[in-house]
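Would you mind keeping the following structure in view while I ask a few things?
Letters A, B, C and D mark the chains in the order given here, with residues in each chain numbered from 1 onward.
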Amino acid sequence: MSKLKIERVAVRNLRHLSRDYYSMCLGPWPKGCRSKPGQFVHVGLPESDIFFRRALSIAWVDPDRDESHFIFKVFGRGIRLLSRCNKGDEVELLGPLGVPFKMPKKNETCLLIGGGVGFPPLYFLAYRMIEKGRDPRTIEFFYGGRTSEEIVERTRLRKLGVKFRPVTDDGSFGEQGLVTEAVTRYLDSTPPRNPRIYSCGPAPMLRATDELARRYDIPGQVSLEAPMPCGFGVCLGCVVPLRAGGNARVCTEGPVFEIGEVLL
Amino acid sequence: MTPDLKVKLGSVELNNPIMTASGCCGYGEELAQAFPLSRLGALVTKSITREPRLGHPSPRTVEAASGMLNAIGLANVGLDCFISDKVPFLEKQDTTIVVNVAGSSIGDYVEVCARLNDVPRVDMIEVNISCPNVKEGGIEIGTDPTMTEKTIAEVRRVFSRPIIAKLTPNVTDISVVARAAEAGGADILSLINTLVGTSIDFNTWRPRLTNNRGGLSGPAIKPVALAAVDRVYQSTNLPLIGIGGIASAMDVVEFMLVGATAVQIGTSLFKDPQGPVNIVRDLKEYLKQRNLSSVTKLIGQVRKY
Amino acid sequence: MTPDLKVKLGSVELNNPIMTASGCCGYGEELAQAFPLSRLGALVTKSITREPRLGHPSPRTVEAASGMLNAIGLANVGLDCFISDKVPFLEKQDTTIVVNVAGSSIGDYVEVCARLNDVPRVDMIEVNISCPNVKEGGIEIGTDPTMTEKTIAEVRRVFSRPIIAKLTPNVTDISVVARAAEAGGADILSLINTLVGTSIDFNTWRPRLTNNRGGLSGPAIKPVALAAVDRVYQSTNLPLIGIGGIASAMDVVEFMLVGATAVQIGTSLFKDPQGPVNIVRDLKEYLKQRNLSSVTKLIGQVRKY
Amino acid sequence: MSKLKIERVAVRNLRHLSRDYYSMCLGPWPKGCRSKPGQFVHVGLPESDIFFRRALSIAWVDPDRDESHFIFKVFGRGIRLLSRCNKGDEVELLGPLGVPFKMPKKNETCLLIGGGVGFPPLYFLAYRMIEKGRDPRTIEFFYGGRTSEEIVERTRLRKLGVKFRPVTDDGSFGEQGLVTEAVTRYLDSTPPRNPRIYSCGPAPMLRATDELARRYDIPGQVSLEAPMPCGFGVCLGCVVPLRAGGNARVCTEGPVFEIGEVLL
């Protein structure tokens, strides 16, 4: 882990994507460029009346420009305030934090299963795998949202050349239904060779993914969310129960866990 | 002239008055990634209980205005694991080590403290009789002067180095409990632990903590903590450790002026892991600017109306 | 369907559960410049004492994290002037009028309440036995169950309309005092008054309040107030008025879910004089969205773990 | 008094003047243009961790552009945060508040005695008096500061054509000494006809002015400061003791009081 120190980093760009979704670019931030897919930052607004920082997954980094990119959705007041930043405003950053995804074996087919704001770490993972030489066509990118508007940054994703499989609850874009239903159909119709799952999204989706993976006996990892007061392991506020007994801190032992490891 | 930051808590001298608060710095390992722990006056561990504890299920923390509620429920590795796995790390740290102890019966406290008495690296213990998040022990003791005196007296018999009694503000008159702890044989008092509070989710109509309630900490409680230290300073002769919402050197000065000899930084560690180092730096600067040779010149020096 | 906002406090029906808190809206005159007072469920006056009081010298308020400290010291125009100069204005207001009463002896309370009994426009009285900023009366009574019961019982004998007892959180167990007030004959309980706190000027080394300490209010104390209402709701059968840090309709919902029938808005009036009107509007919207026909459907409906 | 309602108004301009001094322009704000010299606004920063609004005197208004101007000095965190606003940021405003200065009689000589951030309401007063037809040369504008840097907006003041009498503690600009000493010298050397005092500044200066005015038996008014939780008369936090007994609220009965009325 890098040295624990709050840094002030400027907002280089903040763009509304659709509905409650935004993309944000922070820099210069040298540390960020060394971050790995699955890692997150803890970001706060100086002098605001929001007490805690919020966790955001790193969506991609651009080492040439010393900047890191994020995609977020406004749920409550904290992120809303972030969404109102102007270019040039400074945020407080702690990170990169947490355990990244494990890279797959060469011969594995990667099933990336994302829902809503579970997208950014999976995008980063796909991006990095391809950068490291993986054939994009061995990456099945399932991306679920309630409506078409929740499937953001499509152009960027298409450019990667992965097998993009959008799924929406209302069928307004891609397959209709839940993303895990789409994955099941896919597994049943065209069973992939040596599948490995990477998943991130809302709790119900992760539960379904976890079940599915264990039913089909597919290894892999999930990335979890939890409210995080500190982000670096000292408050014990972010724990999840482990199947083997005991708790694990999402900020430190996670956010990425092996499938089946956590009682979801 | 470099101002002297050393302070004395009972027989133990601290490098400076800045300690970390129990439950906000684990057993020191993570914080050591922020700065060398030798920069601290003292480190206070998470509460240790006889058996390991998982604590309450999540959610067990929630944000509040200028603070937070927690109902961790004394999650900790337990005494054995603490001694075998955590003490070796602490042994290498060049700072004063305080182990915070909790239990659900007086017997528990005694057993843990007796074992810790045999661990020389444990410089002091802090007896947590003020945790609002567990059914037995904790606040049940700390709100009852008789139980307080008894608990401290029992612990006193088995622990030979300085004992800190950690007081709860959830009482009508904190000075009564303070005097009880003094009578029991405490060498030092630390105050305050968290204020009982709760928060309800207006969407789900459920409490935001599975424990239904929790303890409020952070800057929100600073005025209450300051008033408590002020009150206790006037009614006992023990050195005091001020706790509650401290986030800057100016906060430290306020607490020392009303009578604290040292302070603990809790919730604000979450906001800034480097906080203690910055506070030590700013405190030194404060004393320099005012030509004060020692930080002890602040203790109890408030000029009341 | 327009949701019904009416609530009942004892025998009095309020238009809606939103009241203003004592000491935060004077005698209503200034607030009437913000909105017609008929928009309120009820207005609670500044504490009235037998004789006029200047209160403590300035500074008597100071900012805190998400709140403030005050040591106004019950400054008020006194009973005579209240009746002659302030009641005529209140008589014209189409809202429930609650007069808050304070005193430094039980006799004081009785005298003021007896006189107010003859003023028909005074719909209820709120007995302030919880002010932390005066030497006698106030919190001295409210921290003592016996004195609380006695004070309320004496007032009960001279005032025939509903009596609210206003409780202090500065006690070990607020439900004990709540039951004492109930036993004394209170019809309604309001809680909480401010938490004792202080603040020190690190430049001058003086307290920031000439009274040396004051009462903490505002969002900072909301979790403590919620926990207090929750506790008292479980131990008495009286309708409760929740007070402490309320600034939004969502805050109101939280208080009603743990058992409040109405709420009072204090410090946040200073932040937004139009607050009560916005809260009423948002509360109505909240109920509409959830298809709730009456605000009373919220009372005590929290689903505990 | 106008309707009590918090308004959101944009920062049109914020300029550093010297040291801790800034000038700020807010608009559009129609209500502001109806304000009178001596009145103030209560200004807060939405979503900030500063709990209360701060009081600022109105320094001048520009009805053509629907804007109000302020001059402030950073003492503590609240105003500092204000000084860091960007153009376009919105502040929360309550006002205009308080009792304005009484206009002088035609035949009176006006002695304006300002210290530090006591300048803005006096500038507004001079401006307004001249606008209403007063000969600027009947206005003696004593303006004290510790150093030259504390005498801000000189060009603007000179443009009014008033008798500008700067005074600095260190003599770095204008007369050397305290502003009240300069006023005494002036009163002794060239006793004005029908003098009337208007004063605003730090407490020690106001005390000295009050004494001086009573010694020379000169009528007039002083504008006071006090910490103000509410600004509109309900909290009783801003009171000052009156010579005749009783208290007065600076926000409502003031900030302008008759000389001798308040125990300073």
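Criterion: contacts are C-beta pairs under 8 Å (C-beta built on N, C-alpha and C of every residue); 3 or more make two chains touch, one makes a residue touch a chain.
These numbers were taken from a predicted model, which means no experiment stands behind them.
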Given the touch definition stated above, what is the smallest step count connecting subunit B to subunit D?
2
Intercentroid distance (Cα basis), subunit C paired with subunit B, Å
34
How many Å are there between the centre of subunit C and the centre of subunit D, using C-alpha atoms for each centre?
37
Which whole number of Å gives the spacing of the CA centres of subunit A and subunit D?
54
Distance from the CA centroid of subunit A to that of subunit C, rounded to the nearest Å?
47
So which stretches of subunit C touch two or more other chains?
64-67, 218
Residue list for subunit A, restricted to those that touch at least two other chains:
49-50
Based on the touch definition given at the start, go ahead and assign the chain network to line, ring, star, complete or other.
ring
Touching pairs of chains in this structure are A-B, A-D, B-C, C-D
Can you name the residues of subunit D that touch subunit C in the complex?
1, 3-6, 44, 49-53, 94, 226-227, 229-241, 246-247, 252
Subunit A residues within the subunit D interface of the complex:
47-50, 81, 86, 88
The subunit C residues in contact with subunit B across the complex are 64-67, 69, 143, 170-173, 195-200, 202, 204-207, 209-214, 216, 218-224, 226-227, 230, 245, 250, 253-254, 257-258, 286, 301-305
In the complex, subunit B touches subunit A at residues 23-26, 30-31, 33-34, 46, 54-55, 57-68, 70, 72, 75, 218, 267, 269-274
